[in-house]
Each structure stands twice: as structure tokens, then as C-alpha cells.
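The two complexes that follow have chain A in common; it is paired with chain B in the first and with chain C in the second.
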Partner chain A sequence: MTAQRAVGAPVARRDAFEKAVGAAKYASDLFLDDMLWVAVLRSKYPHARIRRIDTSKAESHPNVVAVFTHRDVPVNRYGLFKKDRPVLCDDKVRYIGDPIALVAAETREDALEALKLIEVDYEPLPPVTDPIEAMRPDAPKVHDDGNICREVHLRLGDVDGAFARADVIVENTYRTGAQIHAYLETEAGISYMEDGKIVVVAGGQSPYRDRAEIAHALNLPEEMIRVVTPYVGGAFGGKDDITVQIHLALVTWKTGRPARLVWSREESMMAGTKRHPAIIKIRTAATRDGTILANKIEIVLDKGAYTALGPAVLDVAVENCNGPYRVQASQIDAYLVYTNNMVASAFRGFGAPQVIFAIERQMDLLAKKLGMDPLELRLKNALRKGDRYVFGNVLEGSVGIAQCLEVARSHPLWRSRGRNSCEWPWLRRGVGVAAAMKGYTIGALPDKGVVALELLRDGRVLVKGSFTEIGQGVIQAVAQIAADLLGVSVDDVEVVFADTEVTPDTSVTSASRQLFLAGNAVREAVEALRERVAELEGRLSGRRPARVEFSGGWVFIDSERRYSLQELARLLESTGLGRQVLGVYEVPRVEPLPGTLEIPHLFYMFGVTLAEVLVNLLTGEVTVSKVVSIVDAGRVINPITFTGQVEGAVAQGIGFALMEDAKIRDGYLLTRDLSTYLIPSSKDVPEIEVIPVETEEAEGPFGAKGIGEIGIISVAPAILNAVADATGVEPNAIPLTHERLYWLLKEHGLVEQLRRAST
Partner chain B sequence: MQHLADVEVYSVRTLREALELLSSVKGLRVIAGGTDLIVQLKTGVVPKTNLLDVSRVDELRYVRFEDGILRIGALTTFMEIYRSELVRRHAPLLAEAAFTVGSFQIMNKGTIGGNIVNASPAADSLPPLYALNAELKIVGPRGERFVRIQDFYKGYKKLDLMADELVAEVRIRPPGEGYVGHFFKHGLRRGDAIAVVNGAVLLRLSPEGIVRDARVALGAVAPTVVRSPSSERVLVGSRLSPEVMWRAAEAVVNDISPIDDVRGSAAYRRELSVNYVFMTLYRIARETGVVA
Partner chain C sequence: MARRAAVRTVQRRARGPVPQAKVPIRVKINGVEYSHEVEPRLLLVHYIRDVVGLTGTHIGCDTSNCGACTVLMKGTWGNEWRAVKSCTLYAVQADGAEIITIEGLAKNGELHPLQKAFWEHHALQCGYCTPGMILAALGFLKLNPNPTREEIRKGISGNLCRCTGYVNIVKAIEAAAKEIREKGSWI
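On to the complex of A and B.
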């Protein structure tokens, strides 16, 4: 048993100080000598044929060095699931942010000015912007092969039988909006040539995958490209796909000069990906005592113009749409539909926030119909470890949903439900609950992570991995795990991250699993080091030791001999065995269910949110006054970063629920800046109480499990359930803006009722 | 996005220098805090022009109470107004509004003169100034003149201000004993949001709870900030009962002409105007003991 000191300790992040004082460098902080400024010409129309592009005037602008169009791109299609996205548009534009040309100039001003000199002859085409309309056979086609990007149809268990013997049936339609990531740092990067290689330093979530996409588009071997991901000022899935990387590499490759491309906020809002808007219809069959028998669920996701990560998002939506409940049968029909809206792709929760919003509103509406307490209804149906889930998979990992619900049930906030006196006659108080689940890891898709562990000559340890530091605190957590496995202080662990030249491929930082992946790979690396010590000892003493243990800066061999790590490093080097080992971790998985890509997962996250709201009947304003987030966190590696992660997720969930309203009309984005697209400010985020329920994830490093996404997933339904509790009105679409709720309240006579009561 | 690197900026330290430059250099636009103007220049809402930077004209930064009049220099920031004991005592409505204009950063940069001259119908400082019957001191090469705030706006962003003149001071005669009122604002979030509707209600109540004077001002619901004479007429002479409050609130629709925009529909703005005037009247009634 290894002594644990760093794991579980609230150690301050190693990047905290430099970030707090502004010394940390993000991609957008980097400037190079003799650097070209790149600007992107973007489509004016949501859907148009390109007849002609004339760049001659822009090219003759005095400070313009080069102008690029599709003619300059060797392989003009990229994308992770389907190579359908043009680097620079050729035949058509399919959404208003679609890139058409690049200008590289001596100054930013020159680049922006030259954009205006490029003439594009468009033939506007009718856009299709409603996913339901886009599914009709006569709808305008976004791509030649039709508007349905992907569909999934599953028939699980005896659905018809369940509906035939149901005592109650509840049916509702739910809608969720196009949330924008709105990170502090927009999409940004620089590029330059070094030793004959193109180097791209940019915000991202996977340097190796970005490198593969660049190499494909430029038709170059991957070894000719180096991708570095410095600190990233927020990603949330929005930097999972390519943003600036190919454009930068193209400019540097063609001109030989360093280049810089940083998207403006407006550009980020338009050309950056969004959360898939969803329309979800659920029909639930249940017995009188509240046992859920079956759900018939139809999901339509608005893909926008290109595939991006949509197919996997659809799978996650399908996998989680029944919620964390013992559902015996389900019929699921899910569609991913192209439109001429902006591109949707990964966003924290990755399909789960949409379907969990729907099923968790549905649970409250079912409870209402049954006359049951909504929390008891959830608890009655909650999954337990060892249960067979609706896809036939047995839940062998940790399943903490029932414990989370029990914590919620005894929480003072839940017990205060119904005590609703308010300061003003127009205010109503309510408390809501919602549960969440989501698989972490990438499920049935193959997934492998590698880290390198180097024993430094001074006895310190260096961990190298391509995980990206997107604000979540992974480098500190990896250091804590390595420290305890090797019995050294956390300050004696150095971490180098996200550089294809120096770090091995630790796969993508996404799906709430980077710590799980990297942590397990570190564990494997420590095993490899142990093996190497055994080999060393075999060489030195002629006898392989039975036990090698790391503790207190020493390695102990069969309790006979010990070396300091400094001595060990010297011996490994002088014997030629080498001071560096690799740890390879392949995520356990099962084969995917036919018709799906990644269903089922072996590992799931669970959580419960309690929300207290005040609703103003005369304005429709919902004030969230308290949130309790209860998370099945496995073993918590670092309580400070854990709490920070969950608090951030709650804030983002409040935005998703109430205010983040990307207004899109006929494919045009009306809310193009942060004064019209509002995200919660510090005054809009209340006290958040984060409660970890520490179950043990046997497969996880030190029992840890994923936590990056779970905190956002049940926030919106908890808030809307609280609004329903407060007012009796049942809103089923988000964002529930003031105006939307106001009209709903008015329609239900609450405004008039208040007036009558007061006069 | 327009770049502003080639804009000429004339920076002055005294009012006299400022007025001289305004008269001698054509096409100058005055910049104080720049919280509106810089954004407008960058997005091209305002054509690119050379600037006269008055932000360091310290003689226009003050809050004074002299001869029974509260005087606020045009370059006084919203933070200074919010923190001023004099403003809190003599024009508490304006202190309330100053706190809602934006973040602390905006409050530290933005000036009352800038807010007035920018002339947004949603400007937070204006409804209190309308309710307080504020007056502006305008200075120019022909000397100084005084204009009532209501008369300063001739239409949407149309001002009674010549190209060579500057707004130098806001003057408020404290309404006196027995007046009680509040500013209100509806933004789409709690922190840092532009008003969908804002306004101010200022009443003088007799000890018996009868309204002796009523001033109701609303913003973001017409090309300029407006007073609502219809609402004021319902209030004056009446006891502040819930029935009267609702009637007075509903009367505001006669005096507003809201439009649809990205922040809200005209219909919603109309409802908000009514409901906020009701809520504010109710609040005043409760604070003065007229209702429980």
C-alpha cells in the first residue's frame, strides 16, 4: 500500500500564482518578430453558391503579403467524423461564419482592410434553418447527400407491452437552445517554421489530433508538423475541433513567415461551434406506485452546417436520454440534422444536458400526475451498482446516484421546500431537484493514453503527457497522483504537457476523462519503472528482487537495500537502462451496440442538483438564490479544483437554463457580442454548495472518476423544476428568458390573479 | 471592426483649451470615459473622426451643493456619484441609478456628461434627471446657457447642443421635504446589463398618504426618455391604494412607444413599464407605511 499524502489534499494549483498575476502565457499572448497578421473573410450568407472569388485588389494592397483561397489548400476538407468541412469554401457557403479567404498582412489593420477588397460573387440559395423542416424530402439541401447526417433507432425491451400495462402515461416535448462557449480566450494561435517543420502554438484540446488534421489538409507527413497547446483560456468542448490551426499552418507553410490569428469575439460567436439545439419528445409509461416501465423518446439535434463531433454527441444523447433510472424498455429514435445554422459540436455535457433536461422535467411532470414527491420518485427508480441498464449493459463501475439523492433528501434546502413566504407579493419561491448521468471515457470507441515518466538526475520526477490545461487543473492532479505513487513530494514532480515534440499522445482532453486516462497511464508508468528497477537490480546483484517499493524519496528493494531516487537515476543512466519509461493505458470497453458508435460506456458519472429560485410574476425574472450540487465524484484527488470545476459548471448551467439565448434568425446570428448574448455575471451566480459523494471507482486512479461535465447536466432541469414549484406553470423550453416566462405566466393568468389579489 | 490607430486625439487639461479646440478644429468628437464612444467607433456605428479627449479636465469633476442647488460636473464618474454623500442626500434616485450603469470598471470610467450626450434612450442616469427636473449648464464661445433636461433632447439622439459647445454641469434643485422615490431598471441579468426598461418614480405624499406631486419617468420605451403625464395625473390627489397604483401604472402606456429589438419585444416592454411602475409605487407605499 502506497502512502497517500498528495491525493485528496487541497494543494494549490501550480499554475495558480502565474495565472493570478498575469504571467502565464496563453496562445493569444504570443507575438513573434516579423509576424504576419492573418484575417479571415467569412460568408455573408447562410447558404449560397460561390460563383467567383476575386482577390486581385486585396493582393495589390501595399502591406498585404498573401491572400489564400480554396485553390491554395491541397486537401480542402477536414473533420473528425466526416471530412466535410472546407478549409476555405469552394463550391458553396453553408453558414454565416464559413471561411472563404485568408489575408496575411504586415499589420492587423492592413489585414482587416484588405478583407474588404476581396470580391465574392455569391448566388444566394434558400437556407434551411429549422431541423424539423430540414428533414422533409423537399427541403433545400445543405449537403448533396441529404440533410440527415445520422440517425439511430433502438428498440430495447418490450415497449408495447409496457405501455399496454401502464397506469399512467405522460407525454411532453422539450426544447433546448444553442449555447455558445463564450470562453475568456477566443480561438487563437501563432505559427512559425523551425528546423524545416511547421510549428503551430494554439488553444486546443488535443495536439496530436490537431496535428493529424493539419497534415491531412496540407498533404504533409505528420512529422513535418509540431503542435503545442499552451495554457488555454477555456475550451469546454469548443476547441475540440479545428479552429485556427489549419489556417495558420497554411499561411506559414506558403509564406515561410511566422503568423498570428486570434478570432475577435464576434468571429468566435459566429464561427465557433455551439451546443446542439435539441427537440426531444418523451412518452413515459409508469405504474401507479411510480415504477417507470418504458420511455418512447424522439431526439432531433440541429447539427448546423457541418458534421464535426455531432455523431458522437447524438450517441451520448441516446445513451443518457432515459436518465439514471431502472427503465426496463425504451424505444429511441434520434436524428442529427444539417441546417444552415452555425456548426454545433462538443460542449460540456456533449448531448447529455439536452436529454437530461428533458427526462428530468418529465420526471417532475410524472410525479405531479402520480401525486408523488419528485425526489422519492427518483429514488424509487434510481440505478444501483450491478443493475442491468436499458441497453443490456451491467453497471459494474461506481453508481452513486442513490447516495446523491439521499444526500439531497436530507439537505435543509430540500426540506425547506414549500416554505415559500416572500418579501413582495409578486415574488414566488420554489425549490427543485434534478438528477444527472453521463458516461465518461469515450465508451465503446477505442481509447488509449500514453505518458512518459522521467527520473531526473536530481531525484525529482518529470511527467510528460499531451493532456491540455484548459483551466480544469489536470497538471496539478496528475502531479499529485505521480507524487503518491512514487512516494515523493508533489513539488518534486514536474509536468510537461501538450507538445507533440516532447510529450507522448495522451489522447484528447475531453469526455471528463483526462485525469482518469492520464492518471492510469501514470500508474502504468510507475509499474514500468518498478520493472526497470527490478531489471537493474537483476543486473547488479544477479538476482531479480520480489518487491520494489517507492517511499519517502527512496526505492526499497526486498527490504534489503534502498537507493535514493537520485542514486537510482544515476544507476539507470550508467547501466544504459535509461531514466525514462512509458505508461500506456488502454481504456476498458465493450463492443458497441449495433447501430451505435460508442454505446455503452463502462463508466458513468452521476449527480444531483438542488436549486432555489425566486420568480418575479411581473417580469418573468428568475433569480437563482441557492444551488446545491451533489456529485458522485469517486475519490476526489484535489478538493479545491474539484469544487472549482463544479462551481464553474453550475454557473454555465445557470446560463444554459435562463439567459444564454443565441438569437438566430434565418441563419443569421443576432446576438454577436457579449452585450447581447449574456452569460451569468458574478451577481447572477448564487452561493453554490458542492457536496462530493465519494464512491470508489475501482478502475480509476486512487478510485477517482470523471467530474468535468457532471456539474452542468442537471442544473437547468433543477432550476425549471423550481420555477414550476414556485408558480405552478410548467415551462419545457430553455433558455427560459424573462420574456418567455413572463408570457407563460400571463397566459396562465398569474399576472391578472396577482392584480386581483392586491386590489 | 474598424481600427482606430490613425485617429488623432487632442488632449486638453482645461475647459478653455477644450472650447478653443472645438471652435478651431472641425469635426472633433468629444471623448470622456469612452465607454460608449470607443465601442461605437470600433463597430462603425459612429463614423471614424478625430477626438477631443476631455477626460483630464479636472475642473469639470466635482459634486457641490451651493445656493440650494446640487451641482455635478460633467466629468464626474458614476462611481463618484454613487459614493457622493451629497448625491445620496439630495438626489438618492441618481445614486441608485449610478450603481446600475455597469461594472465597477464602467462606473470608474463612465461620466454623467458622457451618458447625457451619448443620448441613449436606455441611459440609466436620465430617468432620475427627468424626475428631478434637472437642468444642464452648457458652455460655448457665446458664453453659458441653461437647458432643462427634457428640452435638451429633440428626438432620437438629437441634442440641443452646437458643435462648439460642451455640457459642463448638471444642476438639481432638491425636491424638498416629503418626497420619496426610486429608480428601477430591468436588465436581462443582474450584473452589467443594458436596460430593457428603466425609470424613476418620485412622489410627494401628505401625512395622510395623499399624493401631492408625482413624477414618473421611463427609459428605453421611446426615442428619448419620457415623463408620463397620464400616470402622474392619476396619482396626484389620490390616496396611494393598490387600485390607484395599478391605474397609474397602466396609464403609462399612453406616453410610451416602445419598439422590438434583440433584448425584448415592444409588447414585453409595455408590460414591464406598467408592472415596474406598479412595483415601484408599491415599494414607496410600503416604505411610507401607506400599505402593509
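On to the complex of A and C.
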């Protein structure tokens, strides 16, 4: 038997070879003959009315071919939840990256020069940049229909009764910052006409969804547009929304010429989406023995100027804000608020890192108040399989949080907690723990994926799907799954991905669910192929076989007869049955809770992070010296891809916790490059130990579950809990930069204490 | 006098862009001689990508922080190979120099030990930083052929990766260093 040979094996990725030799082509690597260079004029103000746009000087520039404004866009609003985002601004600009005009010129330099020749007459309006202020009725309005984009109010269980019964009540407010994706490849693409179609080749996460958005804006049928997503130089949610696609399609559609648009890093920082900054207030009621009775939670997310994927992010925040615990009652009030800040949308974790930061700091503060060990408190309240979660949903999928916590409890790092002193008096060591949860798949929203499976004439297998390779390794994992289901070597599986012309719609690559979705669709496709073989056999022998098995490059029919896959391909073709089958997988879901979009999910990811830090009391510098990430991983399809994903997520979590400080003042971004907005370098990330707790997700392909996001979610609270352990100071806002911690330490007299001790 | 000159400059600007005289350069990249006429303002990285067409060298930041554009170069500052960020030079500064990019590392279809190690150790995910990371690592290994993990972390800290968390990159460089030492030839 060859079954399950590839799944679970640490196979080096096929795309990694091309990438290591410099042969892989990203969208920004594509240059076409006779290509126009496109540049975008962006708003100078965070909030202003546009009185007049004069493009005449730019148009008379000798090497400029065309200049476009809102007047050239057939349907000038796009967006997935709400069509509120202008392709090119008309009445107003609402943040500093808002696009106003496009220049298409013969060279990069000509395009950039011509941008400076466009005159825009603005009437600056007062900006609103604080979400709490924006909720006031007299605040300046970002959109005509008010600043509250969406609100959710849930009353679950007997909250008042719980608070009346409580022995202890803990209340705190937490804040998280506007993390920027900072993928190494900025938003980029090219476009051209081919057979009367507009072809857009761009870095993205969902070619079919991008196609629908382009078609809507240009008022063209979708069939006239082809979207191809080549290898993407990082996405993390930041390429889930439209970036360059509509602008490119517009230029090519109007000029008939190929075009290229690559955002500069500064543009990417301003016009790219961010993680929603959050303000979260939690009031927790618990009994003396550490049983959590209820949480009252208020969440305010800073939406920035446009809706983007915000409504779904708010739902994820609401769904996970009670943490992976058996909470009996909860009152949740959540607001998604427009401001004149840059647009927030999807970013790895999708609302969960913000609320888990809050609830996991809250758990440590509750433990402190109760005099309990923070890990024991978590374990005491941890969810188990079969539990009814706070929304009334029974957790029927895998729930590995208690196992993860148990692994953490016996880990040497946790057992070394309490040794706070270091060889120097100004250094303090601390160890922190935090748990995480997040639903994967897109919850109660309908979600269906299709893949095509083609048996090639030489007996090899071709899998086609619109999943995108954003660095996560989905292509390799899909190949491994197909190889095992069909009993062939993984090298005999070809994968074609992300092209609306040749791959069926496998739905969006997001929410840690693409492997789950594509893997299950491949399983369905193999079933369809089995059915097709049965039909073939029925025609050839007049009798439908009872069993069709794939193994070792052969298909066995009722253990009587066998064909090689090559022969099978020939037979399927000659009988007209066809060598291609489709696999359709619809993600099981439940109806959403009233007032929500996608709550609850049926499938959840769980994890626990342990962090060790060294805090310099004189400077406020925090060095993360060790991270242990324990993940409820379901069945691991490819161990090296899995640990790599988790390590990368941990590094982004360290950035989110300590370094990544997007300085925004009155709507203006002050940190516009990677020299002022610092992401972790090799000196900031320690050795990371990844421990998979292999549970079994019965619904997942080979028992696998989503793991793309879970690694980041509990990193920031684990680090801050470690800082609190080291210093006794309780910081509740991130990023906790040196400077912020320094002032906190000073406020608490630690700096003074040290000075006294040294004299 | 000075005042009049200033006015003249402004007038010329107002008429449109000043055409830049092109300068001839000769550069040897991956063993192949190239000669082109380029504008003095053209960055070396744009020359390599847009003019020569070697797109394995990437651009990540515009401010020389990320290192995605790192190549090996000799002839501009002495005759030793060294890793440089090709966005920090103009193409004209490379006149007469020799350059190795990611496309020039494999020899006779055989991967360079660093390429092989990055592939096998899963030291890349999206892969966009990889060419620069490999060449930065090579420049570093030439200076320090037998580094500790800590030294590797310092050695590549001028190159950013957003996907991997660096753990496997450090492992890959360590493994490649060993192979390079055993082979006795770093390139």
C-alpha cells in the first residue's frame, strides 16, 4: 500500500526550488513589451473635499499617454461588504493614501514626474482620528451615513446574576496598535489585452473575487476579465482586498496597452490596509476558586476610512473575546468605527489577536487577584470537546486547548518561572503564558470550494484550483494530499493554481482554511474520479464494479482487473467520458446568531504560547529570549511547512507586541518606511520551539486543521505577561516599545529603586 | 548674477523635464559582459532588473533596510567580492565591475550549497527575500566561514524576512557553511 506516504512527511517544497534559484516570477518581476508605467496620485490630506482636479499639465507631458480620474471610472465604488471605496476619489478624500488620479507614461520616471503636474484643489475638512471621538454625534462625518460602520450587541446568559454572585471582579482597558503587514513584495501587478479580454496578473489572495470587483468597477461582464495570481511575496491578509487590480485593468481597458503598477514601500505603508487598532474594556466576574462566571466586554475597532473586510473582523473579535474558556455568560458590545486613519482590514488573526491580547492579560490579572497560578486558572476554565460555548454552540470539532495547556505546564520553561533575578541588578527575567483560539473557515458565511482533477495522458495527475501561493505552501500540501488519495508519488502530481481562465473557483485563500477547503475538494474530486471509473467499467463490461481502488499508480477494479493510470486516461478519453473531474466541497456551517454575520464557527484552532523575556530596567528594553508555541494542529500534513508557518507567526507576534509602532498623528502616518516602522530582524527573534499537539479534526482532510493564524494570536499577551512577571508592572497596551515601558517602570518607582540600591 | 541664474533654473524646470545625458557602462554579470547607455540617475537594482532582465534580484523597501536587492560585487571597491545592496548604488558606479546575482550561483546545473540548504531546510516561504538573503549570507560566510548561530544572526541582520521567523534561515546557513568548508570553495 502506498496510502498516506506523502501526508505527514517533511517533503521539501516544489516552489522552494524555483525560489532558491531566482527563477520564480512574482508579479513585480514581470515586464512586458510596449508597457505603460502607472503611478498613482494620492491624497495629501486625511480629510478634504475635492473642488477641482486639473490634469492638463500632466497630460501635456511628452511621455505621458493618459491621465485618469474618477470621470473615467464607470462604477466608482467597490468593496466586499459595502461598496463605499472609490476607485479614484471624486467628492472627498478620506485618508492620506486615498487615490485621486492615475498617470500612465512610457517610463517610471515620466510617470512619477507627471504626478507632480496634477493640480488638485482641496478644501481641507476637520479630520476625526480617534474612534471614541468619532462615535460622538457631533464628530466630523467620514461618510454621510455616520461614523459607526457596524455594531454588535449580544446578551448571552445571566450576566447580571453572575456579577451579583461573584467573589471577585476585575476590570481593565486594553489597547492594540495599527500593525502593518510589511510583506517584502509590495502590492504589484501587470495587465494586458489578450483575445479581447483584460488580463490582470497581480499579487492577491483571491483571483475570482478580484475579478468580480474589477468587472463591477469597469461595468464589464466577468468573462471579459482574467485574473492570474503568480507567486506572491507575502500577503498575511493585506492582499485580501483590491490593491492594484482595478487601476491596472482601467489603464489597459482605456489605452489598449499593457501596463505595470508596483507600489513603492511608502505607498504600501499608507495605502495598504492595516490591522484594526482596538480599545477593549473587560469586566470579569469570578468565584474565589477561579471559576469564571461572566465577562462584560466592550470592543471598539478603528476602521479607518473605508469598510473593506471590517464587518467580518468585528465578528471574529466578538466571537473570540471570551477566550478559550467555559464562560457561562457574557455581554458584548462591539463597534466598528470610521475615522480618517488609514484603512484597516484583514491581517493574520483577523480580529482575534486584539481580543485575545485583552482577555489573556485579563486572565493574568485575575489570577494575580485570586492568588492563583495563571496556568492553573486557565486550565481550570479551559474548553473541552463537547462543551457548549458561550454562544450556545456545541464544540464538536477538535478542541485541544487543555492538552496544549498541559504541555505548557510540564515544559521546563514554565517550570523555571519565578527565577526573576539575573547576573546584573538592572536586568529582570520573566516567563509568561497565554492561550489562543480562533474559528477557521469563514464560519456561518456560505463557503464552497471547487478543484479540478485531470488525469494526464502520461498517467500523471494535474490538480487545478484557484488557491493562491502566498508563501504558506498550499501547493505542496495539495500535491501531498492528491498523491496519497490516488496512490501515486508526490512528484507525479502537477498543480496549477490561481488563474480564473484555467482553474475553478476554490474560494478565497484566507481564514486559515485554504488547505482544509482545497484538501477536502481534492478528496471529493478523487471520489468523482472513482465514480467515473465505475461508469467506464459499466460501459466496458456491462456491470458496475463494487470497488474501485487507487494504489501504486494503478486503479484496481473489484480486485479482478487493474489499469495503469496511463491506460485509464486513454480509456476515459476514447470513451468520451473525459479525463477531468471536479471536486466540490461545501464547508459545513450553522445559521449565524441573530445580529451577526459569521458567528459561530464549527471549527476552531487552539494554541498556547510561552515566552521568556529579559527586561532592562534602565532602558525599558525587552529582549524575548525564548518562545515555545504549542499548537493544536490536527493532523500535520507537512511538518516542516507547519513549523515554518508557526515560527513566522511568532515573529510577527513579537513585532506586534514590542516593535511595530505605526505612528499616526492627526491622520498622517509618520512611519512610512522600514527604517522608521521596524519589523523584527534576525536579532529580534529568538529560537522558537514549536510543539504540535496532534488531535484529529474528523472533518479535515486526513484529520488536518487550519494553522496559518493560530501561531500569532497569543504571542503578544504571553510576552506582556512575562514582562509583568519580570517587573511587577502591568502594561496593558501594545506595542510596548522601550520608551513606553521605560515610563511605566519610572512611574512605578522601579528606576528610582534601582538607583537607590546602587548608591 | 547669482539671482539671475536661479531664475533661469526655475524657467527651465517649468518647461518640463530636463533630459538626462546617457552614460555608457560595461558590467560583467554572472560572467556575461553587458554594455548599455544608462541615465546617471538609474539605480543599479533597476539596471539589473529592468535593463538586463535578471529579476531574481528583488526590491523590497526603497530605503536600503530590507536587503532583498543584495548582490555580490567586486571591482568598485577593490578586488574582493562583497555583498552590496544594489539599491544603494547607481548603475554608473558599477561601470567596470563584476556582479553575481542569484541566477549566477548554480554551476553546471548544480545548486550552490546555500541554495540547496535554503530549499531543503525550508528557509523560505514566500521566497521574495530569499535571493538577497542567500547573497548576503554568502558575503558573510566569505568573511566568517565557520560562524556560530549567534554570529549568523548578526551577519544577516541587514536583511529582512517577514515569513519565516529566521529560525530555518539560520539553520540553512549553518548547514551550507559546513558544506562550503568541506568543499573548500565558497562559490
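Note that the second predicted complex is superposed on the first by the 756 of 759 C-alpha atoms of A that agree within 3 Å, B and C clash if a C-alpha of one lies under 4 Å from a C-alpha of the other, contacts with A are read in each partner's own complex, and residues count from 1 in each chain.
Everything below uses one rule, namely that a contact is a pair of C-beta atoms (placed from the backbone, for glycine too) under 8 Å apart; a residue touches a chain by one contact, two chains touch by 3 or more.
None of these values were measured; they are calculated from a predicted model.
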**OP:** Could you look at A:755 and tell me whether it touches chain B, chain C, both or neither (first, second, both, neither)?
**Re:** first
Original post:
Given the touch rule stated above, what does A:264 touch, chain B (first), chain C (second), both, or neither?
Top reply: both
Original post:
Which partner does A:671 contact after superposing on A: first (chain B), second (chain C), both, neither?
Top reply: first
**OP:** Based on the superposed arrangement, let me know which partner A:701 touches: chain B (first), chain C (second), both, or neither?
**Re:** neither
Subject >> Contacts of A:683 with chain B and chain C, given as first, second, both or neither >> reply: both
**OP:** Could you tell me if A:131 is touching chain B, chain C, both of them or neither one (first, second, both, neither)?
**Re:** neither
Subject >> Which of chain B and chain C A:232 touches, first, second, both or neither >> reply: second
Subject >> Touched partner set for A:353, first chain B, second chain C, both or neither >> reply: neither
Original post:
Which partner does A:26 contact after superposing on A: first (chain B), second (chain C), both, neither?
Top reply: second
Original post:
When both complexes are superposed, which of chain B and chain C contacts more residues belonging to chain A?
Top reply: C
Subject >> Touching both chain C and chain B, counted on chain A across the two superposed complexes >> reply: 108-109, 113, 264, 266, 675, 680-683
Original post:
If you look only at chain B, which of its residues touch chain A in the complex?
Top reply: 1, 3, 5, 103, 186, 188-194, 196, 241-243, 246, 262-265, 268, 271-272, 275-276, 278-279, 282-283
Original post:
What part of chain C is in contact with chain A in the complex they form?
Top reply: 16-17, 39, 41, 46, 49-50, 53-63, 65-66, 68, 101-103, 105-106, 111, 115-116, 118-122, 124-131, 134, 152-154, 156-157, 159-170
Original post:
Residues of chain A touching chain B in their complex?
Top reply: 108-109, 112-113, 264, 266, 424-426, 618-619, 621, 623, 659, 663, 670-671, 675-676, 678, 680-684, 737-739, 742-743, 746, 751, 755, 758-759
Original post:
Across the complex, what residues on chain A touch chain C?
Top reply: 12-13, 15-26, 28-31, 61-62, 108-110, 113, 181-186, 231-236, 264-266, 470-473, 640-641, 644-645, 647-652, 673-675, 679-683, 685, 687-688
